[in-house]
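The letters A, B, C and D name the chains in turn, as written, and every chain counts its residues from 1.
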Amino acid sequence: MRKELLTVGSNECIADNIYKLILEGDMVQDFKKPGQFVHLKVSESMTPLLRRPISVAEINHDQSEVTLIFRKEGEGTSLLAEKKRGDQVDVLGPLGNGFDVENFTEGKKALIIGGGVGVPPLYELSKQLTSKGILATHVLGFQSAKDVFFERQFKELGETFVATVDGTHGIQGFVTDVIDKEQLDFDYLLACGPTPMLRALKMKYPDREVYLSMEERMGCGIGACFACVCHTDQSEKTYVKVCLDGPVFKAEEVLL
Amino acid sequence: MRKELLTVGSNECIADNIYKLILEGDMVQDFKKPGQFVHLKVSESMTPLLRRPISVAEINHDQSEVTLIFRKEGEGTSLLAEKKRGDQVDVLGPLGNGFDVENFTEGKKALIIGGGVGVPPLYELSKQLTSKGILATHVLGFQSAKDVFFERQFKELGETFVATVDGTHGIQGFVTDVIDKEQLDFDYLLACGPTPMLRALKMKYPDREVYLSMEERMGCGIGACFACVCHTDQSEKTYVKVCLDGPVFKAEEVLL
Amino acid sequence: MLNVQLPGLDLKNPIIPASGCFGFGQEFAKFYDLNLLGSIMIKATTKDARYGNPTPRVAETGAGMLNAIGLQNPGLKHVMENELPWLEQYDLPIIANVAGSQLEDYVEVAEEISTAKNVKALELNISCPNVKTGGIAFGTIPETAAELTKAVKNVSSVPVYVKLSPNVSSITEMAKAIEDAGADGLTLINTLVGMRLNLKNGKPILANGTGGLSGPAVKPVAVRMVYEVSQAVKIPVIGMGGVQSAEDVLEFLLAGASAVAVGTANFVNPFVCPEIIDELPNVLKKYGYSSARDCIGRSWKLEAESANHRT
Amino acid sequence: MLNVQLPGLDLKNPIIPASGCFGFGQEFAKFYDLNLLGSIMIKATTKDARYGNPTPRVAETGAGMLNAIGLQNPGLKHVMENELPWLEQYDLPIIANVAGSQLEDYVEVAEEISTAKNVKALELNISCPNVKTGGIAFGTIPETAAELTKAVKNVSSVPVYVKLSPNVSSITEMAKAIEDAGADGLTLINTLVGMRLNLKNGKPILANGTGGLSGPAVKPVAVRMVYEVSQAVKIPVIGMGGVQSAEDVLEFLLAGASAVAVGTANFVNPFVCPEIIDELPNVLKKYGYSSARDCIGRSWKLEAESANHRT
């Protein structure tokens, strides 16, 4: 975990308001697990003041590069979308606990479920799983055809279903509809996306091995400010911090 | 008076922390009098919030260019110093009442006194005066040799004395020392620089035709906020606004 | 879509330049047609002309500015004879900001200025932090504020709005005292008291020492106070503090403001008011509102609805 | 050059991470050696563990942020048995931030936590705007604050500092009441109460509705209050609010602070405290000061000197 100025290798728009940003620097060597994230200061100005958490979508140790994929949403990500090759970005990372790929067993089946900008960290995850000999099936949900990204890349790693809410691309409906329709089975379920999606998956498979990557508004990103806590199932007063203990949790650890 | 995005033609460091910035755009056609100023928004961010007033040092109607010369001082001018060719700057202008060159008579003698970053507007002034056949003598005061700028340009227009406080360039001392030493005489005295310098000149020549260009912290720059007022000699309650009624005043109009 | 009605004020849109940030309109008339505005809150007027504080009078802060103008104005007579008649060329209801050092001053100015043809409401500036006597005291003691409100109500020919200071322990207590005293509306917030020091000489940058903080920095405080006050009183609230965009205006409407004043932003961009007015219909549409009126107080109305739902 | 002495606190430098912005130090220990710091104000500790408010708990504002953590903490027992002993590995005087819902809670926590080996001072958090009972009430009524201060002074084994809320009509009245009640020092400011609305659903962004505003936006308010309070009382003041740089620290020292706490800036740059400590000697030198002590209260000492001169 360190703070470093990374250099923009490229920044391109790959879908409606979706950007793929490549950052280079020494820090990249520290990135190991899929699901970890970086905390970015998008401007030297006092506004926006806080850093922005963005997941790492791909790690390339050889080139000392990480890929981030983000949606241009508010002020911070709009400034990030303006970064150009050669610009420097103040990065804190790697942060958080990702997916523990070493705990998964070769030959087993992983069902990887992503929704919207929850999809990016699943790409590095699937790469690491499949290279370990785990069979990955992907279900990616988006609002509409214009929002879809990385479909080809996921297809190269395993069977991939795309669902859009409005049916303009792939299967019409939610990711859960796809799982039902295609009767997808798995040993591990790994998901990242909007809370309602995560909640639905947790409810659907109470007794299975399910890992969820969570999102929460953050202050520090390093576990010091208690902004990003999430209740656990145990008691009213127990909690986990998304930034430090997560963002990836076993489904039974968190109350959604 | 309008608001327009002007384009940076060039921006170069011409002395210690002194920058010469050329801006291009239609607005330039509105600039007439020397001593007028522009009000610049140096960043799109909320900090710094207010515009920065900078005098126009040279007007070039043919090229639709104005030259500004400024000292990198605090946050705002530091951001301005970073502007590069092709960047756009949000400019409000032309603002203020400059020197009324049409009121000066051909063949008369003008003594032009500048201190530090009070020097820039005097360059356009001297150009307009000399082209009207008025004889200009310049006395320019700086802290030190490293701060001196535009000496050659002023010399091309008329006799020019440079004084530095530490004596590292030109005559050692203040501009008033130079006037005494060289026994400089004039029909009009026109000055811009720090308030102590203006005060000294006003005191020295109570009965002569003296014009002073003033500086004051500004809010609006257009006369609406009463931030930049200055007492007049008349009564305790009378005042002028530096941004609207000035920045150039007859010495007897203002209390210093 | 944009028109709103408040006591004495029939506004074609809810955008009003804030007092002290727009002079008496003449400077901005060089940039655009003032008829575009909903109204104008003119610079605080006192009985006699005032020079105000020594300079420097402004300083910058993170996303904000400090000012210590000190109520400089040309005095009641000049405003009645020159500024207000000049503004008559516009079809604009004017809100006259009234200030003074003691109760009698307010009463005298209010009585006379409220008779001007185009003055449709008064705004009592009991909250200016930059004058040493009067002003601030009225703004922080509910009883004093109530007394002043009553006295001015007695003599005013037009509805009376009172401008609240944010520098208080309980803004709702203040608001309720003033409502009970008969005010027709409230405007808030005035500036927060702040200070910056000049590191070079160790002294305050402002000649006056302290000054009033305005601009985006104070917006969250202003939104909170508008949210609290608009629920605590029945009279309408005009909100302000850090507004720079049509989105900011929507935030104040949702918080409970019936109209919104724009101050400091006029210095940053002299066209900000007409630009906001132009943009507001799009912003309302984008977030699913059919009119400005539709938004007023939605934040707490929603809460109340869902609370009712639960029971 | 940087060391300062305050009741109970012998600090090698005047830089202290502010309570709630540094946890109990463990996270930042991964970035740098905590021994570099002057002290640490640990996260508010209550009798029992608290979960705090629902999320979202933070929102952004112009040059600032809102938080409504709600005093989440692991409770007194856990802090005594785990956090404080862990901090013993550092040669650091710890300032324990104490909170509660009622007087008895404060007294109980204060009595026990003040016996911890490395706790050299208490900071009574009577000003947290994010808890519904207690907290805020203590912070806005001078009598209640004084009563609490007395009660805690009676049981504390170390000097007691009281942390002031900026959400009051008169900060000096509050400060004097607390000084009279026996406090050893004051810390200020806590956060200003603010709110932001989510335009998409019309509701407050924070689940708690309102939150506490911190960051550069509040700095001018903080500097003003430190300037006023440090002149009104004889006990020392620890200043905070929006500090991001060594220049900001100097501004607080000149205003009258004897030490300076850094809050929100730790989130923006986790190295901010050691960077400031590193830079401070240069900044002091640049502006002509020979030590941090030399700067304390210079702004008003200068005024007093020149006033004496005149007579």
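The criterion applied here is as follows: a contact is a pair of C-beta atoms (placed from the backbone, for glycine too) under 8 Å apart; a residue touches a chain by one contact, two chains touch by 3 or more.
On a predicted model such as this, the values are computed, not experimentally measured, just so you know.
Enquirer: Going by the contact rule set out at the top, which chains touch both chain C and chain D?
Expert: Touching chain C as well as chain D, we find A, B.
Enquirer: Which chain is most remote from chain C in terms of Cα centres?
Expert: Chain A.
Enquirer: Looking only at C-beta pairs in contact, point me to the busier pair out of B-C and A-C.
Expert: Pair with more contacting C-beta pairs, B-C versus A-C: B-C.
Enquirer: Please report how many Å separate the Cα centroid of chain A from that of chain D, as a whole number.
Expert: Whole-Å distance between the two chain centres: 36.
Enquirer: With chain centres defined as C-alpha means, what is the inter-centre distance between chain B and chain D in Å?
Expert: From the centre of chain B to the centre of chain D is 46 Å.
Enquirer: For chain B, give me the residues that contact two or more of the other chains.
Expert: Within chain B, residues 46-47 contact more than one other chain.
Enquirer: Of all residues in chain D, which are in touch with two or more distinct other chains?
Expert: Answer for chain D, listing residues that touch two or more other chains: 62-64, 215-216.
Enquirer: Take each protein chain as a node, join two nodes whenever their chains touch, and name the resulting shape: line, ring, star, complete or other.
Expert: It is complete, because no pair of chains fails to touch.
Enquirer: Please output the residues of chain A touching chain B within their complex, sorted ascending.
Expert: My answer: residues 43, 45-47.
Enquirer: Quick one: in the complex, what on chain B touches chain C?
Expert: Against chain C, the touching part of chain B is residues 1-3, 41, 46-51, 75, 92, 216-231, 236-237, 239, 244.
Enquirer: Along chain C, where are the residues that touch chain D in the complex?
Expert: Contacts found on chain C: 61-64, 66, 140, 167-170, 192-197, 199-200, 202-204, 210, 213, 215-221, 223-224, 227, 242, 247, 250-251, 254-255, 287, 295, 298-299, 302-303.
Enquirer: Which positions of chain C touch chain A when the two form their complex?
Expert: Contacts found on chain C: 62-63, 216.
Enquirer: Which positions of chain D touch chain A when the two form their complex?
Expert: Within the complex, chain D touches chain A at residues 20-23, 26-28, 30-31, 43, 49-52, 55-60, 62-65, 67, 69, 72, 215-216, 244, 264, 266-271.
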